[in-house]
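Chain IDs A, B, C and D follow the sequence of writing; residue 1 opens each chain.
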Amino acid sequence: MGRLFNHPLAAPALIALIVIACGFGLGSNFYLRVAALVWISALAAIGLNLLMGFAGQVSLGHAGFFGIGAYAVAVGPNVLPVSPLLALVLGIALAAVIAYLVGRPILKLKGHYLAVATLGFGILVYMVLSNESGLTGGPDGMPVSRATLFGWRLKGVDTWYWITGGVLVVGAWVAVNLVRSPTGRALRALHDSEVAARVVGVDVARYKLVAFVVSAVYTALAGGLLALFNGFITPDVAGFMHSIEFVVMVVLGGMGSIVGSLVGAAILIALPQALSAFQEYEHLALGLILMVFMIFLRKGIVPSLVALAGRGR
Amino acid sequence: MTALSVRDIGISFGGVKAVDSVSFDVEEGSIFSIIGPNGAGKTTLFNLISGVYLPKAGTVSLFGEDVTGVAPNRLVARGLSRTFQNLQIFFRMTVAENVMVGRHLKEARGIVPHLLSLPSVVRQNRDSRTEAIRLLDRIGLAGRADDLAANLPYGELKRLEIARALATEPKILLLDEPAAGCNPKETEDIERLIEAIAADGVTVVLVEHDMRLVMRISNRLHVLDYGKTLASGTAEDVRTNPEVIKAYLGTHGAEEAARARR
Amino acid sequence: MTKFQRLARLAAVSAASLALGLTAVSAADPIKIGSVLAVTGPASFLGDPEDKTLKMYVDKINEEGGVLGRPLELIVYDSGGDANKARTFATRLIEDDEVVAIVGGATTGTTMAMVPLVEDAEIPFISLGGAVVIIDPVKEWVFKTPHTDRMACQKIFEDMKANGYTKIGMISGTGGFGKSMRQQCLDVIGDYGIEVVADETYGPSDADMTPQLTKIKNADGVQAVVNPGFGQGPAIVTRNYRQLGIEVPLYQSHGVASKSFIELAGDSANGVRLPAAALLVADKLPDNDPQKAVVVDYKTMYEDQTGEDVSTFGGHAYDGLMILVEAIKKAGSDDPAAIRDAIEATTGFVGTGGEVNMSADDHLGLDVSAFKMLEIQDGDWTIVGGN
Amino acid sequence: MAEFLQFAFSGLTVGAVYALVAIGFTLIYNASDVVNFAQGEFVMIGGMATVFIMAAGVPMPLAAGGAIVIAVAVGLLLHRLAIEPARGADAVTLIIITIGASIFLRSAASIVFDKQFHTLPPFTGETPIVIGGAAILPQSLWVLGGGVVIVTILWAFLTHTILGKAILATAANRLAAKLVGINTSYVVGLSFAVSAAIGAIAGILVSPVTLTRYDVGTLLALKGFAAAMVGGMGSPIGAIVGGLLIGLLEAFGAGYISSDYKDAIAFLVILAVLFFMPTGLFGRASVERV
């Protein structure tokens, strides 16, 4: 059992199973849509988890990258002769470049100071998306053209369910690969002790930047997928609250746990749907649940439960 | 050949000269110990040599090349590695992974193959692990390779740091109080380990409080007090140096020294 | 769906209900209508009264025997003003709750996020969002009840022109409402020979606008100032306006059309002009005004039941619900396509916003005359001008 | 010049609120290492509770006192029920707990109070005072004066009372404080109470100018956090300077550069400050000890 758990393919395989099971188990388009939103958020959360959970660097501005990916898909085809899918690729590249340029100076900061710097970055992106209404449609948002793949028009909830689910599985697989590679070991090492990582040859500044860029790529990809899936996008996706949501997903599910990011995303996306019956008590319950989980499962849901199960054995 | 040469090195914190114009040379393949009372500046000196602190004055050379102010991760490529007085273990990683991080510069570091887990990366991971297990075997921890480092007792973590440093295949190794907090049995293990490392041709620079250990294994010693050099020489030279006895070993140490001479 | 397909579907539905016998649609079978509103979040002062209005009137209609002899079942979800959530809830309404029509989408952003869904699912959708983009260009399944921001601009500029103002300052909120209205105003301002000589903005949660107003005050030749925006912003703008002692007239938008604006702005509100629906001045309308009965009824009911001052936002929800109910009655069925056609055929409907006359190329059915120019005097609304 | 003064008044008024929120952050952070994202909710409770107690016919000073008591009670409950049980958890776990608390309190306020904007009557009228051609509201002077008084009292409390010294000692070295017999849990609770009181007073002072609603806390927490960071986390002086700095940057940014991007300008300056001073203006630079 333990060995199965530690296999490199355990997390992506488990996620693939969940995606497939839900794909056939969820009857209505509504449930498929919620699930697809979970996959998209989980992808972003995995990206942020690589940065926060593995490399130990906080970001309160990751929705900024999400917004860059989303708006690249929306704006790209309007200003360049590119298809939405190509625009998605360009958007991811743009997010990577911006992450590189922004990350170089701000990753020198530590802890809460890094948090406030990333928060500032996120707000800058939000302001640009919200203010440049000529390009972005402003706060009311803008439509996104439908993507086509080999002449096949990508629309319909079930199509996007499988696309987003597939990307999530691949994303989880790549994340696990990274974590188990020399790069991943370097990241986890600098999380625990920067100085010890340095004296065995890890270029700490470079690896923080690597983690920042990779996580930006994940998040931008997620943003682009949401834009294509929804066909309409507003600057809220880049907002401060959205950044906070990603952080909550990572911490709630468990820092350093890929499956945890999926669990965190599922809770944050599905809970408001489940709580909608409570009407105005919805946020009351949401806040309470957040507190209770973090007080009693302080390492995050998945790692805490795994530890509990381990103790039970 | 001289492995490490320190010349007139110094640094101060808030006006206090933590290390003041210290110079010494370490012969390749030897065991060189730096001793001195608490607060004498031993660890600070290590931090200066290993690039963790930038010296205010003086130079550091490795194998004849000036490396003053070179970042720690670049010094590794020049053959220098170290351990820490206060444990700097990667607690969230397994024991084997801790050592594998030490193989960092020996591994291909292209990010794209890592993301895709190409066969070359899988093979390399396997090789790194094999090497890590070999080193763990050397320090008697092979059986705990897949345990979380956080679950190991203090003494084993001390040895784990040495294994991690050895994984970089250093030519010169700085050990900061490797026997601190260890029981006599563990201390003996560490002594044998250090001797074996030196026997492999690795130059060892040692900071240690356990005088028996130091006196037994050191080729040369360097004594610091208040950041300044107090004495330098062989174990016998230092042991008999009245300055050292007075300033460092104190009354209790003086008696012990006297007993040792008898 | 083509006309033919729709006919075919209608036929199929009729055939099915015939085959099942009329018992299948029993009297107790509710007609489900859905709503997604920003009940919480920054736009909650829109969503909150809308939510209360819908619930209040659905209860009232059901007490009076429902529609087509069947009760209405209202399902409301809270989007928090978030477009992505709104879309998810709209999916839920359509796919899971299987509503026959949707009223709601309190903001333009949430509305636009829902539009592609209702178009795909072919469910009639009456939006309560402000901006003109919702119905221009016309979308087959999408309607709206609030006056457009463009109409508000036109009304304001008419009044300015009548007073001979040619140079104005503009200070707009950067939220969706303010931003959209600013753009609409700039689009139509040329028609009135008016020029914007100072153009400033403020954030949706800003607490002090004196820097921006100082710039407007110091701009050359400003004869009046207009403030597109909603929420607390306009109240603070109005107070800062008086604080700085700016003498030229201040125009607010229909976005502040509730009594709470006067309470928040206090004495500073006196002299402020704004275009608004008749609802705000229900008591002051002449008895022969066709809207009088409707707006007095709604105002009385809302204020009695909630204890809050009436706002035009809740009125939009009232109009939307009533247009829908009329359409269901007219269609004689709860078939979405039939309801859509009936909504589009709405004529002479008198609501809180004015008289609604829809058509295939007008899914709003209001014109500028539905607006009244109001001025705040002694802490109350008064009607100015010849309307 | 009149223009410059006008911008400065605006910036100082808004900045004073940020500064008071930042001081709340700093107090709790120093005592417990917790970054309390529910700090803005104390400000909201101060304003909203006063409004609703007044609506019940209670005169303003009593209502204000009641609101402060409510905020302090909420602060103590927050500490007792959410922070204390999670003692020893990661910093980021504690942050998420305070975010949960913030969502909870905001929602509770929307139910207990309502979702409307509210205002309080200005303490001393609305006739602007003209200084050097710039107009300032009397209430702004109350905000600034109140800020100075709060900071002075806080300073006196921290340096001249046993309790205050216990807070400072705990901030300097928690373990050492414990060893000399200070009940650190009590001290952390106290810091929550004091922070809540400061937040509530800020809310009461500023509501007549900026209005209040159940959700005003979010933005204040964000700005207050930024202010505390740019000033240097843990430094009360830094919190004040940081708060005023952000307020002034927003006002001058809106006045001289672009009102569209005034928040962006403020954050760009923050980023620039941190680039040159990675631990803020008054933060302690730490030497890596290994």
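In this section, a residue touches a chain if its C-beta (ideal position, glycine included) is under 8 Å from a C-beta of that chain, and two chains touch if they have at least 3 such contacts.
Everything numeric in this text was worked out from a predicted model, so none of it was measured.
Looking at A-C alongside A-D, one finds more C-beta pairs in contact between the chains of A-D.
A centroid comparison over C-alpha atoms places B as the chain most distant from subunit A. Once the centre of each chain is set as its mean CA position, subunit B and subunit C turn out to be 74 Å apart. Per-chain CA centroids place subunit C at a distance of 37 Å from subunit D. Taking each chain's centre as the mean of its C-alpha atoms, subunit A lies 31 Å from subunit D. Within subunit D, the positions touching two or more other chains are listed as 107, 110, 260, 263, 288, 290.
Contact with two or more other chains is made by residues 52, 84, 88 of subunit B. Within subunit C, the positions touching two or more other chains are listed as 40, 174.
Contact residues of subunit B toward subunit A in the complex are 50-52, 71-73, 75-77, 81-82, 84, 88-93, 97, 100-105, 107-109, 111, 113-117, 121, 124-125, 128, 146, 161, 164-165, 167-168. Within the complex, the subunit C residues that touch subunit A are 39-40, 76-78, 81-85, 87-89, 91-92, 94-96, 107-109, 112-113, 115-116, 131, 133, 174-176, 179-180, 183.
Of all the residues in subunit D, the ones that touch subunit C in their complex are 3, 6-7, 9-10, 13-14, 17, 107, 110, 114-119, 126, 128, 135-137, 206, 209-211, 213, 215-216, 219, 251-252, 254-255, 259-260, 262-263.
On subunit D, the positions that touch subunit A within their shared complex are 35, 82, 85-86, 89-93, 96-97, 99-108, 110-111, 218, 222, 225-226, 229-230, 233, 260-261, 263-264, 267-268, 270-271, 274-275, 278-280, 283, 288, 290.
The residues of subunit A lying in touch with subunit C in their complex are 28-31, 33-34, 37, 130-131, 133, 138-141, 143, 157, 226, 230-234, 236-237, 272-273, 276, 279-280, 282-283.
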